[in-house]
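Look at the two complexes coming up: chain A is in both, with chain B in one and chain C in the other.
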Partner chain A sequence: MMFLFENSINMIKYSIYLVPLIIMILLSISIKEDSNRMMLLFKSLKLTIILILVLLTIEEAIYVKLNGHLIKTELITFVEYILLVVSYLIISMFEEGVKEGRKTKITEEALILMYSSLIGMLISMEAHNLITLFLSLEITSICFYILALNKNSRKVSIEGGLKYYIIGGIASTIILLGIVSIYKNTGSLMYTDILVIGMERIGNYQVQMGIALIVLGLIIKLGVAPFHGWLIDTYEGTGMLMTFYLTITQKIVTIIVLINLYKNLITYLNIEVINKGLLVLILVTLIVGTVGSLRQQKVIRFIAYSAIVNSALLILFFVGNNTEELIIYSIYYLINYIIGLAVLINIIIGVVKTKNGGNIEILSELKNIWLNNKVIGISLIIVLIYLAGLPPFTNFISKIILILPLIVEGKIYITMIIFFLTVGIMIYYMNVVKIIIIDKKQEVGVETYKMTKGGSITNIVGGIIWIIISQIYLDEIISIIKIIVAIN
Partner chain B sequence: MSTLGLLIMLLGIIIMCTLVILRSVNPIYSILNLIVIYGCYASILLTVEMEFLACIYILVNVGAIAVLFLFIVMMININIVEIQETMKKYNIYMIVGIIGVVGLLGILITNYQIRIKEEVIADFSMFLINSEVVQLQATPSYLDFYSLFVETTDIRTMGSNVIYGSYSIWFIMACIILLIGMVGVIYITEDLIIEKRTLNERRRQDINSQVLREYKITIRNYRESK
Partner chain C sequence: MNLIDLILIAIYVIGISGLIFNKNNIINILIISELNLGTLGMLFVLASVELNDILGELSGLYILTFTAAESAIGLAIVVILYSKTGIINIRHLNKLKG
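Up next is the complex of A and B:
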């Protein structure tokens, strides 16, 4: 009986990806009124995400499908939960913006593209074949190129989308070049076959070069310096909510794909070049993120630099030799970063100017926040201190436990440099706190702000509750993540 | 009818549809004739025993690319009047194209050995040399049972091993990429074209009213309404 049920789930698994896609396309061309069409698309998209979440709970947590093309472990299931919850949150924020008549720019095709990118992301996390990985990354990337065009006729939006398209195409070409190099030398595209053949010829440089090229392409997509220049302009032209979507989902997927490559190929093939090269890139990224962000005036470029710096910290597990411990702490850091960024963006989107109804766009506008509404000011300060990583908040703990294992492994100078650069990272978060409290204006003609109702307040309150509670249950949370990562 | 006659008929259909594509005013007629050309190409591939390529030709070119063109032409109100004024300029290109196609076919068939069955070669050489028709005596032919069991077509090999087996995930993802290309083209171009044409007061194009347009006005009685 369980066997029949399992076969049914295997068949349901792929139709549950494709049938909602077809339904959403039919909905977008068959309903007359714009508002009804948009609301029905939102509801169908949210229902689809709930169905996929239910499917994740029903099916086995560990499986091998299609003769090894798709392999799922507890870690991948856990991160798929995170991805789906974050996507549901962002789509709810878009829906709320459309309902309240805000300036959120979203169309039916953009919702279809968001769901298509979700399909690509879910498959790429489970992919255990290099062509399956490449095709699923291409699905996600093509959707992201199109979504980065913000449906504005501004030059900033078109420029950002075009830069994303060019750099993304180059990164995909580098990944494909690495796949071709591995295939020519080993004759297979499966991770297990590549591992067996690669271990037989341990000194062969072509497999190592292929893996290095794949990792390089993924890092370019992640936005690690010195390949970061396109990312700032892309996110500036995109808009706040779509920036949040592109930043978080790209980071989640790329980290898991890198973890899969690391656990299945890189650990056993003993590649030293990748570790040293990545160490240099991490240090360069921390320097660029610190220095470049101090001169920024726009809020969205500030968030983009924050994304770059946190990308570098997330790939620190390549540098150390203790695989599982650093992967555990990277995922813990990723969760904390997602929650901090979610609360920050909810505050920025939720705070509306009374005169023209727009959001805060320039950092100097934060000078009026404290005088007008102290609750918003306190919330902003808590979130910024949390993201900066100052004690007593748990992001400090997540950064410390990410960096400290390097001392245990004997890499003292590297750790000292990373600590120094982390202090530099804190400076630009504290710069924003300084704008809020110390630089506040005493003028009479003050721009007034109000917090909109609805989901933003719920998200902000929920995020701050997590920020407080996660200090108390620190060991329990890390233990849960440790169990999830340890099961293979 | 022999294979050579079938090939000549298919090539004739292709040439006629090419002329219709170049001369037609309505782009929907052009795309439908393009679909007929793709069908003829697939038939030619079937005659030279390339079954899988014939099916892929239908699936990709008719199922994806031609449908993509139909979607875009119907959803974006391309102004058809502009096309008609420049039709006379293409007469010279049509004549040169026809001469080029005939020349290429002659060169290919006479000088290069392309993969055609022996029946086609025999019929063609008979046609060229102008030899007398010899009445052949009937000879008994025996059915080879061994080849019936061993021989497999391209479709069976590719289908059972690649498309519907372990590698089905590649096929599904390639289809999703084509679909994303379709949706993305609509997403990117609709505002740009609307702003240029100023057809609607609203910024956003109403897909529903365009999909539900009436048959008489758009396709059948276009010239009469003009």
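Up next is the complex of A and C:
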């Protein structure tokens, strides 16, 4: 009886996430005027995210809930904070766009779907049961299929959304095949049980194959080459801000799920197939991302290629042996990447063509930022150099501490190849800098541009301050992350 | 691994290859993804019968629900595509190339 009571208390605790959703839907139906309804939705979404943040701080950092289906550690709590803060930032950017009447297309349904996908992501980061993991990942990806279609008046957007739907469906069936294979051989879906039974039959290839299939499905969803074509097309179809939301959230969630799998199953079961296969995929991704992005003309495709290259660097922790350190470094790299990308997208969105009100779409148009406003132009160049990983900025160090531990383990040739390929990444970021400063202004189709004022400027200033300050207090930041994550 | 498992896995492989080699119709893709998920649900139920465990049957039910949701979204995408462009043929979707 006591057990039932505890479970029902837990149910009420979890349904607290659903109450704001119901209120939002009711409100959105009841108000007739469009702009008021939109603003009310934005405010309620922001309040909901703040509510979840407060709940995260109140409840304990480590817990086991729902008979071990959900387990939370300090690392997961920390990354949940990052996820919530990033989504708050993106929603406020959307609000800014709607207030100023920019062409950032967002509908009420998309906002509600963003909120539901956020809940799915929060659950899938804590999940320690395979079927819970699968269902929560699917809550997220069902919302994403529709969010990728948010500019559905264009044919390109529909095509991108359809590609995302097909590839997402294949990836989820592959994950499910892995889960079936594990369930058939161990009789359980909990991580702990699978670990115990898997340790008994260490040579059982079907369990190992199942875990490898799950990792493969997650990697297809992350967009690592050779499964990257759909990602670029999908991102081209959606808008710039929605691309930002999709890339960042997808990366955070997939990496945390991979870390969970790694810490709980893969390290103990000695699955070397995954390590070797992932190394090959990482090298292929670095080559494809570098070569492919050199011939791009559109800004959004450039950002998509940088997204797949960075996701390859983020899963480097799988290859090394000293994983505990590497996980901290990849979280640090993730934070740096998010801040750099946020500033870049803020700058690109903040500049509007005065004739037809659209944003910058082609890379050569970025030169107009430099010609119009030198301060914003310099901060754009700083951000590009920062993302490229050139030495005065922090991203250089966050890359090098990710790659250097491989040398200690004796994998010298692989490390050298990765270093060469990071030089390639620098080349294509510096190519954009060259377009901005050195290339001549295009005479054909020159339009006038203006900078919009408001919240985007504060985001840019904040990002630039982080870029400068984080070099001075480098050791302190890493040690703070280590203390928060509770790994020594 | 018994005969029924092998048949089901063969159906799954046929479905995946159908997704890869199909170049005509989007409705085919919807049906194939439905088929794949149904096969995997069946595998779950078979495993649960073999192990004498209720968990697999429950998972099969969850998978059925998920399949319904996903195919509804797929149909919605096809409807949008048809109303905007008037085609449901894959060959004409060539605006984006990798």
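By definition in this document, the second predicted complex is superposed on the first by the 461 of 488 C-alpha atoms of A that agree within 3 Å, B and C clash if a C-alpha of one lies under 4 Å from a C-alpha of the other, contacts with A are read in each partner's own complex, and residues count from 1 in each chain.
Here, a contact is a pair of C-beta atoms (placed from the backbone, for glycine too) under 8 Å apart; a residue touches a chain by one contact, two chains touch by 3 or more.
For clarity, every value in this text was computed on a predicted model and none was experimentally measured.
Aligning the shared chain A places chain B and chain C next to each other free of steric conflict. In the superposition on chain A, A:69 contacts chain B only, with no contact to chain C. By the touch criterion defined above, A:390 reaches neither chain B nor chain C.
In the superposition on chain A, A:142 makes contact with both chain B and chain C.
In the superposition on chain A, contact is made by A:162 with chain C only, not with chain B. By the touch criterion defined above, A:29 lies against chain B but remains apart from chain C after alignment on the C-alpha atoms of chain A.
Once chain A of one complex is fitted onto chain A of the other, the partner contacts of A:21 are limited to chain B, with no touch recorded for chain C.
Of the two partner chains placed around the shared chain by superposition, chain C is the only one that A:180 touches, whereas chain B remains out of contact.
In the superposition on chain A, A:131 makes contact with both chain B and chain C. By the document's definition of touching, of the two partners only chain B reaches A:109; chain C does not.
For the pair chain B and chain C, the model built by superposing on chain A gives 5 Å as the shortest CA-CA distance. In the superposition on chain A, chain A positions 131, 135, 138, 142, 145-146, 149, 153 are in contact with chain B in one complex as well as with chain C in the other. Within the complex formed with chain C, the chain A residues making contact are 131, 135, 138, 142, 145-146, 149, 152-153, 155-156, 158-163, 165-166, 169-170, 172-173, 176-177, 179-180, 183-184, 187-189, 229, 232-233, 236-237, 292. Contact residues of chain A toward chain B in the complex are 14, 18, 21, 25, 28-32, 34, 37, 66-70, 107, 109-110, 112-113, 116, 119-120, 123, 131-132, 135-136, 138-139, 142-143, 145-146, 149, 151, 153.
The touching residues of chain C, when paired with chain A in their complex, are 12, 16, 19, 26, 29, 33, 36-37, 40, 43-44, 47, 50-51, 53, 55-56, 59, 62-63, 66, 69-70, 73-74, 77, 80-81, 84-85, 93, 95-98. Here chain B touches chain A in the complex through residues 166-170, 172-174, 176-177, 179-181, 183-184, 186-188, 191, 195, 204, 206-209, 211, going by the rule given at the top.
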